[in-house]
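Quick heads-up: structures coming right below.
Next come two complexes built around subunit A: one with subunit B, the other with subunit C.
Up next is the complex of A and B:
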């Protein structure tokens, strides 16, 4: 049974500069987002007990093959990609359809893991759409997984409690970043990544036609403004009083 | 002409940066105080193949080439130049053996220093000479199928770790200078107390004493009489490490200067608003960028040179420029800090004590300028 991990390439947040409260996206490299890296690290861990291969699925533009080397260096065995320039800025329902069609091409897929939200817009919608299209059960906010035969146990990290559920496979799960800290890849695994098996499809190969006007248009994307209050403090007692009046601490 | 890093190079750079920040940075005060890098750091670097990056994967290295090596060493040195020096000296020995060693020597020693428990040392300098091979006084006497080595080697890095050492000594029979391979801590091998050095802490320097160290005749590196050429290649490759290390220290200085200029306030606003500070920041950026591309190009040249000795002029020129420029940048960053920069609570004080090493090691700047000029004249004559 194979473990499938859905990965999204996102702009490297460390390289985004802000000018006039707007992000400058030129020359920002594409990378795999942090939660997706955790999802992949969890999958590579699971492979040791559950067997099979870890297969990445991803959809994106012409940079995708380069970006996905990060995932292959991090321990994935194979990548199944959809590369099409029309996918840039596409809304979640289309991406969900594309990923579901891609996952259907993979034989013996058991568990399909997503990060709970992407590092760029964090809508968290694609996972449920894929589960719906494939007709698989879905579990969200997972921080621990164990697989035995064709059944998975998963612990969900909820606001005030943790819940452990049992779920028959195949199933779709979204995981939180705490599930597994990604390892630093070795130089050898980085260099071997380019030789790992890859299948690349286009939208035409998958028989998917994109409906018109399904692109997300960002109306405005402004960085928050931080303003200093300029309060002059002369003693610790005064500082405590200010904190109390601002509601930062309570006695 | 291509100035972009490949995806693989970007990933190697990130791997080194992540390891340095996560594993080395939390230990830096301890490393500086004890002048010692914990063994688990060396083991961690070996696990990630960052310890012997250019060495062939056939012998446990990564086979990633010198362009990637420069990127990784810069990032390690940005956090701790001492760690990067240990890696660099290991690479000089391992690279010399990769080029000149026999298959038996490579199989015996290289896996030890790429993945195993050993670290390479390279012993040329003596109390009486740091640059002139003709002044070497260490001797190798033939004794049947063996050589017997005697002499003192000075400022030798990695000599307190187990592993191989290449010792340059004079064959008393032929008068040739040769490289001889010894196992550290064999009979007759001993080291001094570490020198009390002011910077680049974590990579201690020792004097090494060889008293009747007996090695098999096969432990000569390359052909007898090839010692000068081995030295030339090793010097060229060693300078790539030094370029990267002081580029990393320069980057640390630049980052510290920039961070202080934007955090320190005067009359309610960051000092970065003053034009004098802005000029200082622009100077640091210009100098770092010039040094960076010079260092990256040396890595590229080493990957593409048919004979690694051919890059000696370029690597010496880059080494002079980068190490001198690292001092310039650290001085600017120190000036931005004002008197705070003199306090050990501020990282720039440590960086200053690190960068001052650059022009003095692996060939002092004046000597290297003579070497560079000599190579230029030689090219002119054809």
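Up next is the complex of A and C:
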């Protein structure tokens, strides 16, 4: 049984500059988000008990193969990608459809793992959309997984409790970052990643058309106004003075 | 008349959603309806706050089975002619939201922390963009809309009316998810969101043994200890209730002291509304300097004891 990990290509937020409160997206490198890396690490851990391969699926723009290389270096065996310039920043409903169609192309996919939310939009809805389209059961916010033949056990980490469920496979899960610390790929695994198999589809191959009308429209996207003093202080004595002037403590 | 449906397994969250629903409902002429699943007490509490409560009693329907739950919401939405579904943006609510939206072929927004109904009938939903770097306002353009709202944003609706409770018949379609065991998380009653002073620690705190010092400092300043996500989830040194940021709490204290915190955007989004921010970090180029009023470039291991001594 193969384990599929859905990975999102996201802009590296550290490189986004703000000008007139607007985010400047040009020349911002595309990366794999941290939670997705944890999801991948968790999948690699499960590979043995599942007895199959770890396969990345991802939908993104022309740079997708480049971005995904890191995932192949981090232990995935192959990647199945959908490339189209329009897919960068595409809304969740479309990405859900694209990923579900891609996953359907993979044989013997028993468990499909997503990060709990993407590093940029963090809406956490694509996982549920994919589960619904495929008609699979799902469990979200998982911090522990064990695979046994045709079922898995997984622990959902909720606000006030941990709920361990038994879930028939194939199934879809979203995981929290603490499930597994991502591995930093070694040089040799980076080199090996180049030769790992990749399948690349277009939207046409999948027979998907991007609907003309958006489901969700963004009206405003601005950085909040921030006015910070930005004063460097040199000692604890100065810090104490700040406390006094801010009225935090009195002498 | 078309309606707006409120559902959360968490009664307090449901009461807050009723407030949001009333705002949207009165602006758009939508009847507010609440749903309660396998919880009679909740149904009764809701009926003191909402004119029409729909109750489902089905032993075979489990909260843990998101697929079955989404199908139930879909059935109720169709039966009651619902156009807006309001869910809680807690973990169960977020998981449910996407699945319900997919069945309804609808747009969905989660982690919404503000709503405004426009004259043209659009509901502007405010949420974080780009990991918290920006604030976005988004509108769902589909006929039905699914919106998950962050807990504690709206006041809970008070109990002042006597509504009716109606039982609804639904068809439960289990997807085979069964709970094997549940374990209550150790509760931490702290409420960092309302704290006036926050002493927050990040991974710059090298040793768990230094945590009592941080607590002592917070105590002296009459503030609360908070932390970055990895301190709570990876190291498990503090409870998840104390996480500030995109996946944690949004705080607006008078003073925030950030100790050994790099200041990545997913963290800063939760603290940028503080009046004054002081950071202590060994790295003078750490991102946290851009969000600080005062920055001390130093090792927190030296700074914390010295500070405690000087303000004691």
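Note that the second predicted complex is superposed on the first by the 212 of 251 C-alpha atoms of A that agree within 3 Å, B and C clash if a C-alpha of one lies under 4 Å from a C-alpha of the other, contacts with A are read in each partner's own complex, and residues count from 1 in each chain.
In this section, a contact is a pair of C-beta atoms (placed from the backbone, for glycine too) under 8 Å apart; a residue touches a chain by one contact, two chains touch by 3 or more.
Model, not experiment: these values are computed from the prediction.
Peer 1: Just subunit B (first), just subunit C (second), both, or neither: which does A:185 touch?
Peer 2: The answer is first: A:185 touches subunit B but not subunit C.
Peer 1: With the two complexes superposed on chain A, say which partner A:82 touches: subunit B (first), subunit C (second), both, or neither.
Peer 2: neither
Peer 1: Would you sort A:223 into first (subunit B), second (subunit C), both or neither based on which partner it touches?
Peer 2: After superposition on chain A, A:223 lies in contact with subunit C alone.
Peer 1: Of the two partner chains, subunit B (first) and subunit C (second), which one does A:194 touch, if any: first, second, both, or neither?
Peer 2: In the superposition, A:194 touches subunit B alone.
Peer 1: More residues of subunit A are touched by which partner: subunit B or subunit C?
Peer 2: C
Peer 1: Quick one: is A:99 in contact with subunit B, with subunit C, with both, or with neither? Answer first, second, both or neither.
Peer 2: Neither partner.
Peer 1: Output check: A:175 vs subunit B and subunit C. Expected answer is one of first, second, both, neither. What do you get?
Peer 2: In the superposition, A:175 touches no partner, neither subunit B nor subunit C.
Peer 1: Both subunit B and subunit C touch subunit A; at which residues?
Peer 2: Shared contact residues on subunit A (touching subunit B in one complex, subunit C in the other): 230.
Peer 1: Using the touch rule from the top, collect the residues of subunit A that touch subunit B in their complex.
Peer 2: 29, 66-67, 69-70, 73, 184-188, 190-191, 193-194, 230
Peer 1: Can you tell me which positions in subunit C touch subunit A when the two form their complex?
Peer 2: Those in contact with subunit A are residues 64-67, 70, 90-92, 94-99, 101-103, 106-111, 124, 127-131, 133-142, 175-185, 187, 197, 221, 229, 233-234, 240, 246-247, 254-255, 264-266, 272, 276-278, 284, 287, 289-297, 303, 306-307, 310-311.
Peer 1: State the interface residues of subunit B toward subunit A in the complex, per the touch definition above.
Peer 2: 7-8, 10-12, 15, 18-19, 22, 47-50, 53, 57, 62-64, 68, 72, 268
Peer 1: Can you name the residues of subunit A that touch subunit C in the complex?
Peer 2: Residues of subunit A touching subunit C: 11, 13-14, 16, 18, 23, 91-93, 96, 116-117, 119-129, 131-133, 136-141, 153, 156-168, 174, 176-178, 181, 213-224, 226, 228-240, 242-243, 246, 248-249.
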